[in-house]
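Chain IDs A, B and C follow the sequence of writing; residue 1 opens each chain.
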Amino acid sequence: MTRTHRLQARIALSTLSLMLTTSACVSGSGSQDSSDDPIVIGVSLPLTGDFSEPGKGVERGYKAWAKIVNDKGGLLGRKVELKILDDQSNADRVVSDYEQLIGRDEVDLVFGPFSTRLVVPSARVVEEYGMLFVEPAGAAPEVFTQGFENLFYAAPAVADDHYNHLAEYILAMPESERPKTVAYAAMDDPFAQGTAYGLKERLQKAGIRTVTDEVYPPNTTDFGNIAAKIADSKADMVVGGTQYQDGVNLIVALQQLDYQPKMAAFSTAPTEPEFAKAIGNKTEGILAPTGYTQKADYPSNKEFVEKYTKQYGKAPEEDEANAYTTGQVVAAAVEAAECASQDPDCQDKLVKWLRGNTVDTVVGPLKWDDKGRPQSAHMIQQWVDGEIQIVLPDAQKEADLVYPKPKW
Amino acid sequence: MRRGSELPSRTHGLLHLGALLAAVAVALSFPSMAPSPYEITVGIAILNYAVLSTSWNFVGGFTGYISLGHGAFAGLGAYGTGLLTAKAELPPFVALFVAAALVAVLAVPVGYAALRVRGASFVIVSIALVLIMLLVFQSWASLTGGSRGLVVPRPFPGMLRAEHHRTFYFLFLALLATALLSWWVIDRSRFGMGLKAIREDEDKAQSLGTPTYTYKLVVFVVSAAFTALAGGLYALWFGDLDPVFQFSILSGAYMVLMALLGGVRHLYGPLLGAVAVGYALEYAKVEYGDTPLHLVVAGLLLFVVVMFMPDGVIPAAGALLARFRRTGETSIREVTAAELRGRREQDDGTEVRGSERTTRGA
Amino acid sequence: MPSLSLVFQSVVLGVLLGGLYALLAAGLTLYFGVMRVVMIAHSAFLILAAYLAWYAHRETGIDPLLTLVVTVPLFFAAGVAIQRLLLTRLRPATLTMMSVLLTFSVALVIEGLLGYAFSGTQRRIRLGYSSASIEFFGARVAVVKLIAFGMAALALLGLYVLMKHSRFGQALRATIQHREAAQLLGIDTDRIAGYGFGLGLATAAVGGTALSLDTTIYPSLHWHWIGPLMAIIVVGGLGSVPGAAIAAMTLGMLQSLLQLELSTTWAQTVFYVALFATLAVRPQGFFGGRLAQRF
């Protein structure tokens, strides 16, 4: 045997055993349930990476919820404590995060992460550990077809239904005035595509023609060619299945080509606070669906808006509201089941209670079907007079829908 | 290679065997020592890194060709296994081997294009392979699920999560053992001698009659197949695939870093590197949370290895130990032809400046 | 069938894009010429320059173009430093492979630091003229894209003049063509190689600033640039600056035209198809000379 081999074997062995023993020692101390211990809630959020903007919004919503609950004495007389990990918008990470939260940190409850792409993998982990999974962001259809039994989406409607009010509005127009052709561009992301394709399906059924249908991957930065195709199609209406930055880029690229549609609808981006500045304030007439308005007069919403504004110095947006809603839903279940721990009986009680009951939240009363789909609808907002205002449905509107849209 | 002969080689053999057995015992008992399933997942991640960098080392260690594109083979193995299970409805472990075989077949034309040229172009091709696969798997959404990702059906439906992790821990361990054994066998074969001749001086090896091109291609395919197996096993374990993470240059770079850190000329080098880097990554994540600083650390580590110990930790530590015992350095160290040449030229009083010699240009 | 006006629009976009590719690929092939080094960190420096432009604009409101005054000399110095302090210290026998890893590690460090300082969020400069455009024979050309192209064209022209008509340029070309011979002529090839490296990195400063005008940037964006750029220099012939420029224009145009019929991602594969085809048919590239044949 050579010395080299002996040496390397010795080094390899000692390092290996050292590593393995230390890794076994890096483990959390088990938490015993007692009335003095806080209820620890584990969350993984994209605080960096593709989804970091909305991810931070969700984080603020969760934190606001924890603060408001604790200021009132906590849940079941115990304080709540959030343990938030960063998943870098990465599916590998989100799974290992929940694995760590449930296995190592032994959290009592979990909240969902942000974005459909991350919800499905994390829902599977939580499901296989038998825990309740209420999530603020997985709106796409495939979330609800995976056979998850512990999953609830804490928002008014799934992605496909976001534009329902707009579709009804368009189809109610006299045929001569309606947009006749539509161009679609959607990010290859289940949520973003879900919104655009939900509308597309309804419009196509009514005979409104699709002239372009573009899909781009999440990391696209240059929208020149996509915009060129849309502009060249001269479609009456453009629908963007967008998240934040891609929506901004697409709109700027369309404006560079001086394309002037009669109607323009984009998901997510137009409702973000930074939006107007990002596209140089040329926002007039842009439509967007939203599940939340600060002005809604549900009692818990008034409290939320007031206390959130005090804590963060500005009013909450949709991401914050959805996170807060998640907290409200879980809290309602915990109060009803009178328990909060990883114990299977407890988690089972929580799930069962939510199946059969309605929860009052900041986005209104929510109830779910057997797959966890919420049963309400989204409102439609439009940029009118330099401000984003609710235009549909009529019952909640703050301004009239402007059609055709002014030039941008 | 010259051999030290202080002690009878039998004692060395016994020591070596004892060390090996102890390591195996530790590895086997790890799942039962782990306090929660989470630690087992860390163990799996490290084993996965170890298999990947050992697989990489079939090309990197034997021939000296550095591929930054092995992430593509891992990704193809993962997607191949996932698609064959989900769409063609093959049994999961049949799908795993079929996928690895397909990747091996694909590696032939890739290797054909990449290995015709030496050095620079090989690296370019290897990186391009990852990038092109990323584009294809993102674009071909009707087959691959695109950016929405692919869900791989559970190989053991109904198995509890902790048990699932434990099972895969042993599967990864078995794969690692197979990869190490294959490397060891090649290392001692005529084929291995030929490959190492390529590493030392490809022109000379060629002129001495080694079929360099065929040798390189064969070992490239073997390496790709093992990498694909690791990727496929990961897919079965993890269940969710996303092109951005399956076809990432970074994962290829980690393989290189781990192998270089441990030492590419040594059987256990990549394994050692994988344990060190994998453990450090996980530890840093738990202690400091996830920040982009892990990229900085990985970058600096690679930098240090390339600049100061291109032969890895094992030879560096070995040399240190040997010097400590006042034995001649050369007696335990493999010396490359280039080093010997450099030393001789230094003895002759001629100065060799790095910038004045190009790899194989002279 | 796409309409004629759309085809023309794509041609214009293709030219504008090709110009930027040409400048960046010229830098990349310059490193290869002087050192036989594949500089993976080239596009990381590109993104770094874009971030510097974005950051300066956000903090002080100055026009991103003004950051060139700082970034170009800074990057030139960094290039010289990388060549003199790092690359010359590698073992000559493994220089090609190890230099790839070395520059790769530099790219990782840059990406990580950018992510740490500015987070992974996509960033975009908001300029008063972001959405302005001018009409050009029926095609619409965004003002920012035009400025970016102009910068790339000027820088490339400057590089050409420098290499063809200055003593330094002659020495540089001599070094690229035959290092030993250049040395015999009394050229200090080490110093020249250092300057060549600096010049290459300076193109990244110009390119990055141009890039920041019109696209979103994020730390890991550089991977999406390095692939096409490497494909371009192989197709053009490693070490050949004009070859890189011609290949860049051709492939940029092809990519833009392919987007008419294919999706954005499929169109990008044209670079890699060209790369593999070149290696299979003509490994030395289409414009490379004697130099490229051995790599």
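The rule is simple: a residue touches a chain if its C-beta (ideal position, glycine included) is under 8 Å from a C-beta of that chain, and two chains touch if they have at least 3 such contacts.
To keep track of the chains, here are their UniProt names: A = ABC transporter substrate-binding protein; C = Branched-chain amino acid ABC transporter permease.
Just so it is clear, the structure is predicted and the values come from calculations on it, not from any experiment.
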- Message: Return the chains shared as contacts by subunit A and subunit B, ordered by label.
- Response: C
- Write down the chain pair with more C-beta contact pairs when A-C is set against B-C. B-C
- Whole-Å distance, subunit A centre to subunit B centre, using C-alpha means? 38
- Note: subunit C sits from subunit A at a C-alpha centroid distance in Å of 38
- Cα centroid separation between subunit B and subunit C, in whole Å? 31
- Going through subunit A residue by residue, note those that touch at least 2 other chains and give them in order. 48, 88, 215, 217, 219
- Pull out every residue in subunit C that's touching 2 or more other chains. 115, 120, 224, 263, 265
- Could you list which residues of subunit B touch at least two other chains? 138-139, 291-292
- Task: Write out the stretch or stretches of subunit C touching subunit A in their complex.
- Result: 2-3, 5-6, 9-10, 13, 17, 115, 119-122, 124, 126, 128, 130-133, 140, 142, 145, 214-217, 221, 224, 256, 259-260, 263-265, 267
- Touch list for subunit B against partner subunit C, complex: 64-66, 68, 112-114, 116-121, 123-125, 127-128, 131-132, 135-136, 138-139, 249-250, 253, 256, 260, 291-303, 306-307, 310, 336-339, 342, 352-361
- Message: Under the stated contact criterion, what part of subunit B meets subunit A in this complex?
- Response: 1, 3-4, 6, 9, 12-13, 15-16, 19-20, 22-23, 26-27, 30, 33-39, 41-43, 45-46, 138-139, 141, 146-149, 151, 160-161, 164, 238-240, 242, 244-245, 263, 266-269, 271-272, 275-276, 279, 282-283, 286, 289-292, 313-314, 317-318, 321-322, 331-334
- Message: Per the contact definition, I'd like the list of subunit A residues that touch subunit B in the complex.
- Response: 1-13, 15-17, 19-20, 22-24, 26-28, 48, 85-88, 90-93, 95-96, 99-100, 102-104, 106, 117, 120-121, 124-125, 128-129, 142, 146, 187-190, 215, 217-219
- Note on the structure: Touching subunit C in the complex, subunit A uses residues 48-50, 52-53, 88-89, 214-217, 219-222, 224-226, 228-229, 231-232, 244-245, 248-249, 252-253, 255-258, 277-280, 282
